[in-house]
Amino acid sequence: MIRFESDYTEGAHPQILTKLVSTNMEQTIGYGEDPYCEHARELIKEACGNNELAVHFLVGGTQTNTTVISAVLRPYQGVLSAVTGHINCHETGAIEATGHKVLPLASEDGKITAQQVRDYYDEHWSDSSHEHVVQPGMVYISHPTENGTTYQKEELVELYNTCKELELPLFIDGARLGYALASEGNDLSLEDIAANSDVFYIGGTKVGALFGEAIVISNESIKKDFRYNIKLRGGMLAKGRLLGLQFETLFTDNLYQEISEHAVTQAMRIRDAFAKKGYQFLYDSRTNQQFPILPVSLLDFLGEKYSYSFWTKVDDTHNAVRFCTSWATKEENVDALLADIEEFHK
Amino acid sequence: MIRFESDYTEGAHPQILTKLVSTNMEQTIGYGEDPYCEHARELIKEACGNNELAVHFLVGGTQTNTTVISAVLRPYQGVLSAVTGHINCHETGAIEATGHKVLPLASEDGKITAQQVRDYYDEHWSDSSHEHVVQPGMVYISHPTENGTTYQKEELVELYNTCKELELPLFIDGARLGYALASEGNDLSLEDIAANSDVFYIGGTKVGALFGEAIVISNESIKKDFRYNIKLRGGMLAKGRLLGLQFETLFTDNLYQEISEHAVTQAMRIRDAFAKKGYQFLYDSRTNQQFPILPVSLLDFLGEKYSYSFWTKVDDTHNAVRFCTSWATKEENVDALLADIEEFHK
Amino acid sequence: MIRFESDYTEGAHPQILTKLVSTNMEQTIGYGEDPYCEHARELIKEACGNNELAVHFLVGGTQTNTTVISAVLRPYQGVLSAVTGHINCHETGAIEATGHKVLPLASEDGKITAQQVRDYYDEHWSDSSHEHVVQPGMVYISHPTENGTTYQKEELVELYNTCKELELPLFIDGARLGYALASEGNDLSLEDIAANSDVFYIGGTKVGALFGEAIVISNESIKKDFRYNIKLRGGMLAKGRLLGLQFETLFTDNLYQEISEHAVTQAMRIRDAFAKKGYQFLYDSRTNQQFPILPVSLLDFLGEKYSYSFWTKVDDTHNAVRFCTSWATKEENVDALLADIEEFHK
Amino acid sequence: MIRFESDYTEGAHPQILTKLVSTNMEQTIGYGEDPYCEHARELIKEACGNNELAVHFLVGGTQTNTTVISAVLRPYQGVLSAVTGHINCHETGAIEATGHKVLPLASEDGKITAQQVRDYYDEHWSDSSHEHVVQPGMVYISHPTENGTTYQKEELVELYNTCKELELPLFIDGARLGYALASEGNDLSLEDIAANSDVFYIGGTKVGALFGEAIVISNESIKKDFRYNIKLRGGMLAKGRLLGLQFETLFTDNLYQEISEHAVTQAMRIRDAFAKKGYQFLYDSRTNQQFPILPVSLLDFLGEKYSYSFWTKVDDTHNAVRFCTSWATKEENVDALLADIEEFHK
């Protein structure tokens, strides 16, 4: 079975393992205060073009979202998110478990707009009973979204300007950030991301690391006492250096960007192969996740050799599914898939 | 200004005040274990036709909803509710503050169906990633709903049977329960309510009391240690007898039913007056809340003498608004309103 | 049975009932924004000598403590309290239910000192692992304490100055505040209380009201959005005017002070009667709660006619118990008790 | 600098790294449902002598404690723990953040007794106001404790029998469990631990793994839906196989026991060296943590080459400190330390 079902089916980029092995018996202090974490922080701040940023490393995405969001909000505030946002759908209520409501905004493709945020804000504050309603306290977006779609620079800048005007901190979930930065038509740099958010995270788990997410904070009030929040939410890794070592590797010699580009290249090959046969896609994704709408007969045929994720039933004979590539995707596996798509259509 | 904006604009039914005054200097023990609470519990169990019920008294609705829902759910569970449900819209996230997500079901008129519950349940458990999604753990309905609509017996029985089959306790928010029991076309008795739910509450605040809600529990597992939950959520009134005295009064000589009927009668007069002029209603309410869609010119005219609640803008010249009656509504005030409606249309 | 077991065995001061009755059918808006609440707020601000204070009304003490403390703390902070503090002992973990640890300080008599606060703070911040430990975020005291003891002005001023220096907001639980203000040797005025705290509350439930506590906030950052916190914690009373009416009455013509003095006078009579017979007291209380250490034989004798609270076993033949007076205590009942104490010792 | 300050200063046992490297590019499904996790679960159940156990893998200790405790308790319940317990002292209030109070029991050396649990239980339930007090809902112990002390079989059996009788599930924090199992005088096997608890965890982070803790559940009601709790608390590792691979390695060929013995052997060498010079110890630890009370002059001398943790000041010239060994401690480093202790005393 060749797996395209998700982007976390393998271990880590070999350079990371090499680094773990070569440093294994070194002794360091714990909890993220070791030299590897320090160095990784410097590299990330440099890549973001801002030396005033605070950088923290956590193990996984749900933990990261929970830690950031609960650190930002006051008890009576909620977080605005696309209704399809990961925090609203796939974290077993982890945000609510910290006491906060996720305030869903309608979304077709996973993205939300500055106008939606402004409308929600205006409607809240114009309600004479607004004290009986959860107050919007911050905005969460994912980039790329759970549907593989991405924000253009113009969209992000407008969203962030709106957030600043309304005093709603903007948090970008970058679980797959590398794949957005490497996507076709992308016009956002890491500097842009850092300059147009209050806090965001750079995903490692799905982009080359064994595990790990790097939180990057520009907003001063969020920086304060942040390590307490990490410990409180169970995210303070004893051997913090494992995170430092991985991000040090990813942010040396452009590795993070390179492996992301590889994943996107392979995803575009899959996309083009399906498109050439006339299939539609559920979302217009230029990143590592592709959502073709395929006939059940083709899915059955491919399912014998390849795993993919079922997404939704479209009609009696068609389903939308997800094919993922990653830093680890082997070109030859994509070759095989493309050949089988051809084979089916002979 | 004659107020029709809500059903809590006055104090309490005079018999309740009389009772408070006549017992004022009696000494009783606190926290709901006094003879008045005991007697009120007996009267309510009798009215519900079930001596095995547990009855507890709390001060207000949000507190009651929070206490019940957090007592029922496991940490990873959420509560199914109409998207318009009070717990989803107007409690400032009090449910989420106890760690639980409200799982919204689509609703046009405030009601939900057995089929919706079953579909949600089936979809949840058929998802291979269901452990990443909040598990539905109970069902919340309001009767009458926030929109004044009500469940017919057949609907409630079907909903409750579904809940039992799926092991989802059913909780009925009866903040305005009296007005449902007294509504046109109602075929549900208090016994029916008690027999077709795991827990519900009988609203006092909006139906004759100064304040107070009576929680009625039939499900054994919810009964256990319930007083701890009340104290934990800040709902254990020191002078609990104030609640006992009020419910004792309301459940003596059919007072609760009688004053509810008065409110509904007055509401129907208002409804008929608007209907006679050809106005539509946002919801088909037969209870004490009426939601006519009225021209702004009429609203301005009435607004000089009467208060009502703005509900929603319907078009450039029409708004939907809410007129409430209650146990306290004076017939002469409704007379005046009806006369002014006529006056406007001359 | 004549009850001395607690200070909430009766209803309310007759003037309050009169006010409730006379205003009963008036129509007002809800949720604490009516003219009675407005007027009560003005009276309290005047009594506190500070027009910039924010005043809010809640129903009960646990709710009040929970609302205030969760409004002040950041998620990783806890509240310093005497180990005997009500929030640490008798609220079923309501503070922890909002996510915060109560940080207990040793106390013999219910009071804590400025030095204890400073030592705790210094120890926390000098710990190299302080991020692994709950950060002290505010200080809670009760005045009078649960043991009837009180702070002298010098003690409170020193405590508050320390709190300000360390940026730990000071919250005073005044569930029985009237009885402290009326106590023998008291040198603190209501102005002093307001000037030497960030937030405190004036207890009504135990001092003349049917129910109700008035939160008084001087700290600007705590004032912000406070009504959201009230709603969130279930403390927003629909008919808020019931609270306004009661505090308006209590703060008119010095009633709060007068009825408090009555309670203390009666308590001192009881104290003196036991002292005259040579009995010791568990705490040196000059307020409405008295904790004599009495032989079991005397307790049995008195127990036939009077209720009191068991506090703790002192030795095989002696228990410490609590006798409470209140605004409602009848002089003739104290006369009877004193006569029976004499009778026993004949 | 040779580090004895903690037992997480190095990476992982080399066999673990070898396994990670050799399996790196294999594709597996995520979230702990891969074959490596399956196999590790089998090995652990076998080692525990009970095939009915449920085994789950999490990343770190605080997360594990939080997930287990919040899964067991009802909202109004707290967890009994030694006052020195990790959950009470060093998790930044993570337990309280899930809504539950830690109920501290006095302890000199980190252990608690069956009698203490029974006394607490009896006192709670005999209090007529028990509903105003957090209900004890489970018992937490660490084995070895934070002070290096351990339970004897007789003590654990008595504690567990008491817990069963009182219906208080017993949870054993085994962050350093290997070092207890390998300690001098130990009479508890892994089977005994599993048979005398409702749930416990086998620590990996401090005993050979890069990271990871294996939760072992025998109590049926705790097993139910446990994976939801893991996800909810942010502990569901995407590449779950990383945990499976590590525990598979540790539980193959007795590795976990062997490396634990190594650590204890080295700790005993350090202990003996200090004891031979006449120094006392703060706790009687036979595990990998040693707490000698040493003169400041010796500490300064050793501090030039060796790191240790400051524990507490004993008097003006003596401090208690902590020296840790682990699976990774090099014999030659202990040789050097011992030589320097000798050197100082020449």
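Order of writing sets the chain letters: A, B, C and D. Residues in each chain are counted from 1.
What we mean here is this: a residue touches a chain if its C-beta (ideal position, glycine included) is under 8 Å from a C-beta of that chain, and two chains touch if they have at least 3 such contacts.
Quick caveat, the model's predicted, so the values are computed rather than measured.
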Interface copy of C-D among A-B, A-D or A-C, judged by whether over half of the contact pairs recur: A-B
Which of B-C and A-B has more C-beta contact pairs: B-C
Chain centre separation in whole Å, for chain D relative to chain B (CA means): 50
Separation of mean Cα positions, chain B and chain A [Å, integer]: 42
Centroid distance [mean C-alpha coordinates] between chain C and chain B, Å: 34
Residues of chain A touching at least two other chains: 75-76, 91-93, 97-99, 131-132, 135, 228, 231-232, 236
For the chain C and chain A complex, residues of the former touching the latter: 31, 70-71, 74-76, 98-99, 131-132, 135, 225, 227-229, 231-232, 236
Complex interface listing, chain B residues touching chain A: 75-76, 78, 89-93, 96-102, 128-129, 131-135, 310
For the chain C and chain B complex, residues of the former touching the latter: 1-3, 5-6, 8-12, 14, 17, 20-21, 23-30, 59-63, 66-67, 91-94, 97-98, 205-206, 210-211, 228, 231-239, 242, 328
